[in-house]
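Structures for review follow.
Across the two complexes that follow, subunit A remains constant while its partner is subunit B and subsequently subunit C.
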Partner chain A sequence: MKRRTLKAEDIFNIEFIMRIVFILSALTAVFAVGLICFFLFARGLPAIFFEIGPIKFITGTEWYPRRVENPLFGILPMILGSIYVTAGAIIIGVPVGILTAVFMAKMCPLWLYRFLKPLISLLAGVPSVVYGFFGMMIIVPWLRDALNLTSGSTMLATSILLGIMILPTVITISESSLRAVPDELYEGAVALGASHTRAVYRVILPAAKSGVLAAVVLGIGRAIGETMAVRMVAGNQALMRAPWDITEGLRTMTTNIILEMGYADGLHLEALIATGVVLFVFIVLINVLFSVLTKKSEKESKFAGKFSFKIPADVIYGGIIGLVLGMAIIPNFSIAPNISSSADISISGAIVRGNEMMSPNISGTITDGKIESLNIDGVEIVTTRIEGLFINGSFVESSIELSGEGGRERSVMLIDGIDSGEIVNGEVRIISFYGKNIDVLIGIILGIFLGILLIKLITGFDGLIKVMTWIAAFITITAMGFVIGYILVRGVPSLSLDLFRFRYTADNTSMMPSVINTAIMVLATLLVAVPFGVGSAIYLVEYAKRGNKFVKVIRIVTETLAGIPSIVYGLFGMIFFVVFLDWGYSLIAGSFTLSIMVLPLIMRTTEESLKAVPDAYREGSFALGAGKLRTVFMIVLPAAIPGILAGIILSVGRIVGETAALMYTAGIAPQILRGPLSSARTLSVHMFILSGEGTHREQAHATAVILLILVIVINSISSFIAGKVAAKKSTK
Partner chain B sequence: MKKLLKIALAMGLMTAMISGCVPEDNTPSTTTQGGTTAANDDTKAADATTTTATPGNFDDSQAILVITREDGSGTRGAFVEIIGIGNDEIVATAEVRNNAGDILGAVEQNDVAISYISAGSVSNAVTALTIEGIAPTTDNIRSGAYAIQRPFNVVHNGSLNADAQDFWNFIFSAEGQAVVVGRGYIEGVMNAPAWEQDTSATGSITVGGSTSVQPLMERLIEAYVAAGGTVTVELQGGGSGVGESSTVDGTFEIGMVSREVRVATLTSGELAIDGIAVIVNKANPLTDISIEDLKDIYLGDLTIWNQVG
Partner chain C sequence: MRKNKYELKNVDLWYSDFQALKDVNMDIMEKEVTAFIGPSGCGKSTLIKTLNRMNDLVEGCRVTGKIHLDGQDIFGNINVNHLRKRVGMVFQKPNPFPMSIYDNIAFGPRTHGITAKLKLDEIVEKSLRDAAIWEETKDRLKKSALGLSGGQQQRLCIARALSVSPEVLLMDEPTSALDPISTSKIEDLISDLKGDYTVIIVTHNMQQATRISDKTAFFLLGEMVEFGKTETLFSMPKDKRCEDYITGRFG
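Presenting the complex of A and B:
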């Protein structure tokens, strides 16, 4: 009798203690967000509010952080830059992604699907440094040729690259939400006489709207937070750009941080952290906006049928074709008009040498686009050669060869009536018109009309959309083929045994120590993240009452954590773990930073798989007299393990591919680490460092191949586990 | 049948797109050089595809693409100082890259680009220009004839512990300076004494800072270990600014700074001298440039290649 009561008490105690433990682990996410807010704000906000001024910081258009007198910290160009490239990525990536998802879910032959699905998960796992390489070596030169630009590092290049990078996210999530739509809807549509295409696009796609929207929001998050890849293709000029300056370079908030981080100190460093704060606030705003949107769409869901994709469809699909055709057309036809009438334009200006004005007055006449005569200080001169280029606005930088003096002079001339153009041997030609690159614009508009007209004329609506779907799938496959092909073609020939020595030297640039460090980093991160993630998921599913306010807070916080860009994690890790806790660049600083980063992922997947365990299991266990704790650990958790494992594998992928969050937390020491406080370079960081030195590009490519193989291994493990989960479900 | 037609149409569109994107005209046009007609526009596109081709195809009526290191970089600081412009005066439309690898990649891919990197990082995929007739060779940098150069400094906060002192001694010994010369840099100390090892030093230290000094420091650490050094030296990057600040706060025992040291409280030593090479694309026929032109290019006053020289 005595023994029995003791036992019951014991269990009560453990139950109680474990309950507290679960609540505490559920609180870690809240705690982490609190820490991130506090330390980022503590380091960033004083600079914004007391030193720079919030309005000057947010709306300032000039960024001269290191000027000794009157430094300028305006990040409006970077805020706009982030918005532009994200919008561009959405315009390019989302239509293609959604159509590809439709293709994969509803139109794809099985043999193709078997090949496409792993390919897309492979692409999802490719580290962004690799994408950056691809962008710099393939997209940038191609755009430069196709559009006849001075540099291909432009808004357009960045948008295209980000568009490709968000494809896997958009496709995967859209596809699964399309598959989740009950078959009855499709059958009903077909029974009413709709064709397959019509049923898919008019019934299934609208029904999957909220999932597709979630995919788009995740895509936005990925695009706005991307750092390492954007850095290599954006041009990085901190200049104000208009939305139509798609052929100009720009700088985003993320790249602003990563570019100047290494050399920043004092107020400059604080301004960079403040940029991180603004980025963080941005992400939070997007999340809030999204949750408002989903709430709204839930309310409207009974009218779902009314909100079909009909209208945007034509425009968006036409847009893709337009973009494609536009690019095909531009290099072959120059549509830019020459100046025909001299009435529109006039010349005025001055000759300058350095910053000095030599002759203050130039005037001249232009006839049929040719500079007829030129007067300097009222004296007509004979010119042998005038060359120049208009730069934004109406002034010209040009050089004039004066026949009399024989020397070359630089001049600043004003040509009214044209915005941007060039003078070749006295002939004035327009490149662009009021900032818009007319070649590109006309090409695109023409392409849109041509594309829509052509397909619609031939095949009608069904055909149009069907062809579009196929084209989207084709674009996806091509893009992926290019990325993977690029890595293989450049990397495989560079593989050598030297790269797998256990000791790194500057000569062999071995990646083996980095591989080992990566494995240790993964283990160390999971060691922290898994107990907390699983614990908080257990609390949320098993202990918390539904509709609990606390649960809501944790959900929102987790969403926020999930959306924070890795560069912001990197900033936080540097401020908190490296400097504040004084861990230095070390394994633990890196692994703790990454733990917070993957925590939401593990929480979400565990939660989902716990929810998937039927209540009957729990009831059965309780009925047999088991306590709550015993039920959770002996019955529910084992049943949910495959799902939890899948989440862990996803986290491993994320850790392996991470660069931005590790650079300033785990450091870059290339040897196998010697202890928890020693710095460790993971494989992705190794690749980034090699590519940065410039002399080891071949080895960097070889590293990319190994990274790719790692991703394939991780993916096959996760799909194996996922397969097991599915098998289990179907036997139930 | 209808389906077949549609697929054919889709494929047709795609091939049209692809063929449209790959300019067929790879043969250099004869009207390229100093072209006076509107055909110039089209030949430019053709020229751009032959980026890696022989210099003969270079169309010098193209605009110059100025590429620079980011604000705060030691390389940039030294470069602007030597060509005589302010750090903020670099033309705002210049592309910004933050390491030598990205700069090399960008210049390799673009025949109108110009940039500058550490002379030790120059690869043979780009052309290093001579400055007013003087090439960035070690002899010219040592004699000072090649003007664009800067020091590689190492700093400490005034009191080195025994471990750091041992490595510091190695850096400034004959053995250490031999590594410097072996990597193509100029020795910071002439006639350095032979290294006297402190075998009692067996701890570990962290060296970090300038990414420009990093490759050289890597070799120095390896040479130190090979010579029997017993201190474990960990190398970190960060940049010249981090090299200074982290040495002040004690994160690094020894900091690397690839420009003049700004923090007065730090003790510094000149490890090496590095030339900064001005690089252009292989297709660009230019081999020499004057400081004056370089200055005008980076100020944005010179915008077209045929104005150079």
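Presenting the complex of A and C:
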């Protein structure tokens, strides 16, 4: 008798204790955001408000953080940079993405869909370093050659790359919202004699607008928060740029942080944290804007059509045509260089002869493409060979062979009166560009206008719209295929057994240690994130009363956490785990940082799968006298396992692909880690470091292949699980 | 003298392997209301959807036999979008587009190339008046159509179907999702429409068929069992199965 009561009390206690445990795990999410906010704001805001001045900080156009005298902390160039590249990505990625989504949902033949769908989910999982590497190796050189630029690392390159990177997000979400539009609407339109294309574009697409809007907002979030890929292609100059300076390099807020956080201290570090604060505020504003917009559109569809938000289809089609035309126009007319082959040149500058540098007066004439005469200090020189490239009037690289004196000379020369050109085998091509940037932009805008005009002239001509959709799908397939193809073609031949040795040496930059570190990092992160994530989801679904205020707070907090770019986590991790807790660059600093990062993902997926468990299961269990805890663990959780697993797999994908949050938390030590406090680079970090070293391009390609394989494995596991979930649902 | 609008000869229809219509032969008179009745799954909805080729959207659907509209083969050399303009359709469940009332009605005319504002205004007003919903909506034309009640939405859909001035109006159980008051409004509307349009209506409700239709066809298991004047069919059915059905002894 006595025993029985004791037992009952035990159960009561366990119930009570576990309830507290679940509440505590729910509190962790709040606590984590609280910590991030506290550290960011506590260290960033004083810098903004007391040391730099908020107006100077936000509107300052100069960034000289390490100047001894009068350092300047103006982040306007970076704010604008983020806005420019995000806008560029939206302009490029959104029309293509939406049209591709329409294509996939409503026009795609089945055989193509079977190929396209996995391709897109694969690209959604490709780590941003891999994209960055692709941009660095393909887009940047291509732009440099196509537009005759000094460097291809430009706003345009970044926008194109980000445009490609947001495609999977935009396509996936738009497609599912298009598929969610009831068939009756389509039938209604077709029954009125509308063609398939018209029904799709005038009825289904507008009906799916809130989903499409969500896709665009998520795309914006992804573009504005992207760090590593941008760092690899943007040029990173902290200089003021105008919106039309699309062929100039720039720096974004995210890259400003990653570039300098490794060595910043004092006010400099605080200014970087403050940059993080501004970024944070941006993300929160986007989230708020998004929820306002979706609320409004919900209301509107229910009650009023006053703000009928129409996707201006003409603009989308026009934009696509414009891009194509613009691209065609640019090389041909707009910035076609004026090539002339005669000019008087007066050259001033330095000639490097051996180790000696001379600054002679140089003058010469170029006629019919041949150097007629070249005088140095009044002495006529007969050149036998002169080669080089000069841009904006200065030789970037050149070598002149002077007859008589023998040797080759390297020269750094300024040539007045000529903008740019090249000398190949003594043949001179003088190219002058004036207002190059404006021309490129005018080319594109002109193209867009022409496109819209063209469409307007033949509006209602379904065939054209259909063709545009196909073109968009084609662009998507090409871009995606190009990314994957490039990695495979260049990477597979670079794979060698040496890259899988257990030791990393200067001669053999083996990736094996990084692979092992990645595995350990994944485990260490999940070890923290899964219990807390699942625990708090259990609290939210099983314990909290509906409409509880605390629940609302947790929801908002997790939404916020989910939207923060990983670089902000990285910054926080560095300040808190690495410096404040003095863990140094270490596995645990990295894994804790990533745990906070994936927590919202695990929470949300677990919550959804718990909610999907029918209440009848719980009632059945309670009716048999099982307690809450027993019901949760024996009945509800097992039923929800596939969904939870799917969330975990997604998290694994994020951990494997993460770089920005790890560079300055787990560090970059290339060996297998020796303990929780030793620094460890994961595969993505390894890839980033290799791609920065010109001598290790082959190994970088090889690493990209391995990353790609990891993504494929992760994707197949998650689609396998998703298939199981679906099968389970359908048998219900 | 009225002429035949539709002439159906030996129409068979398969959904993949399942034969949904078996050798249907009938002539449908213009400017009359023809009702299709029969138990669920008897093929009446399938047949009505064949008349404007909405069945084209169903995968694996195959039709043989001839269907002539004003003497022209609808499966022959004909633009299907043009066919659907001539043959409007109202669905079982109201399906207003998620846009304003005005845009819902204007969608059809715009589809067929009318863009002039004045002309559109005129069409919208006329269609809404013809569908007896003008008074309720004239002050809220720019508001979302989804804010209307179910019955209003269905009348809006009728107005939308009328907006392209069809010759035939197909109605697939248009009142099955509505309350009695809305139903009676729609029935009145159908009676008003029949002088100008050929109306073909599928209904589960036999009273409805007797109230509004001139001719009735009874279907069973894909076969057209009996077709004739509504009064005759309901008072003196020739076929035993039809008699069983209308007297409620069926099934």
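Simple rule for what comes next: the second predicted complex is superposed on the first by the 575 of 732 C-alpha atoms of A that agree within 3 Å, B and C clash if a C-alpha of one lies under 4 Å from a C-alpha of the other, contacts with A are read in each partner's own complex, and residues count from 1 in each chain.
Throughout what follows, a contact is a pair of C-beta atoms (placed from the backbone, for glycine too) under 8 Å apart; a residue touches a chain by one contact, two chains touch by 3 or more.
Since the structure is predicted, the reported quantities are computational estimates derived from the model, not experimental observations.
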Just subunit B (first), just subunit C (second), both, or neither: which does A:R202 touch?
second
Could you look at A:G692 and tell me whether it touches subunit B, subunit C, both or neither (first, second, both, neither)?
first
Where does A:V467 make contact in the superposed view: on subunit B (first), on subunit C (second), on both, or on neither?
first
Touching A:E184, do we find subunit B (first), subunit C (second), both, or neither?
second
Let me test your reading of the model: by the given contact rule, A:R555 touches which partner, first (subunit B), second (subunit C), both or neither?
neither
Applying the document's definition of touching, compare subunit B and subunit C: which contacts more of subunit A?
B
If we overlay the two complexes on their shared chain A, which of subunit B and subunit C does A:D145 touch? Say first, second, both or neither.
first
Give every residue of subunit C touching subunit A within the complex, in rising order.
52, 54, 57, 81-85, 88-89, 91, 93, 95-101, 103, 107-108, 111-113, 142-147, 157, 160-161, 163-164
How about subunit A: which of its residues touch subunit C in the complex?
182, 184-185, 187-195, 198, 202-203, 206-207, 300-306, 308, 460
Quick check: in the complex, which residue numbers of subunit B touch subunit A?
2, 5-7, 9-10, 13-14, 16-17, 19-21, 23, 34-36, 38, 40-42, 44-45, 48-49, 51, 61-65, 70-74, 87-88, 92-106, 109-110, 112-113, 117, 121, 123, 204, 206, 208, 211, 214-215, 218-219, 222, 232, 234-242, 244-245, 251, 296, 299-304, 306-307
Of all residues in subunit A, those that touch subunit B in their complex:
64-67, 136-137, 140-142, 144-146, 148, 150-153, 231-232, 235-239, 249, 251, 258-265, 268, 321, 324-325, 327-329, 331-332, 334, 336, 338, 352, 354, 387-389, 391, 397, 399, 408, 410, 422, 424-425, 427, 429, 451, 455, 458-459, 463, 466-467, 470-471, 474, 505-506, 584-585, 664, 667-671, 674, 678-679, 689-695, 697, 700
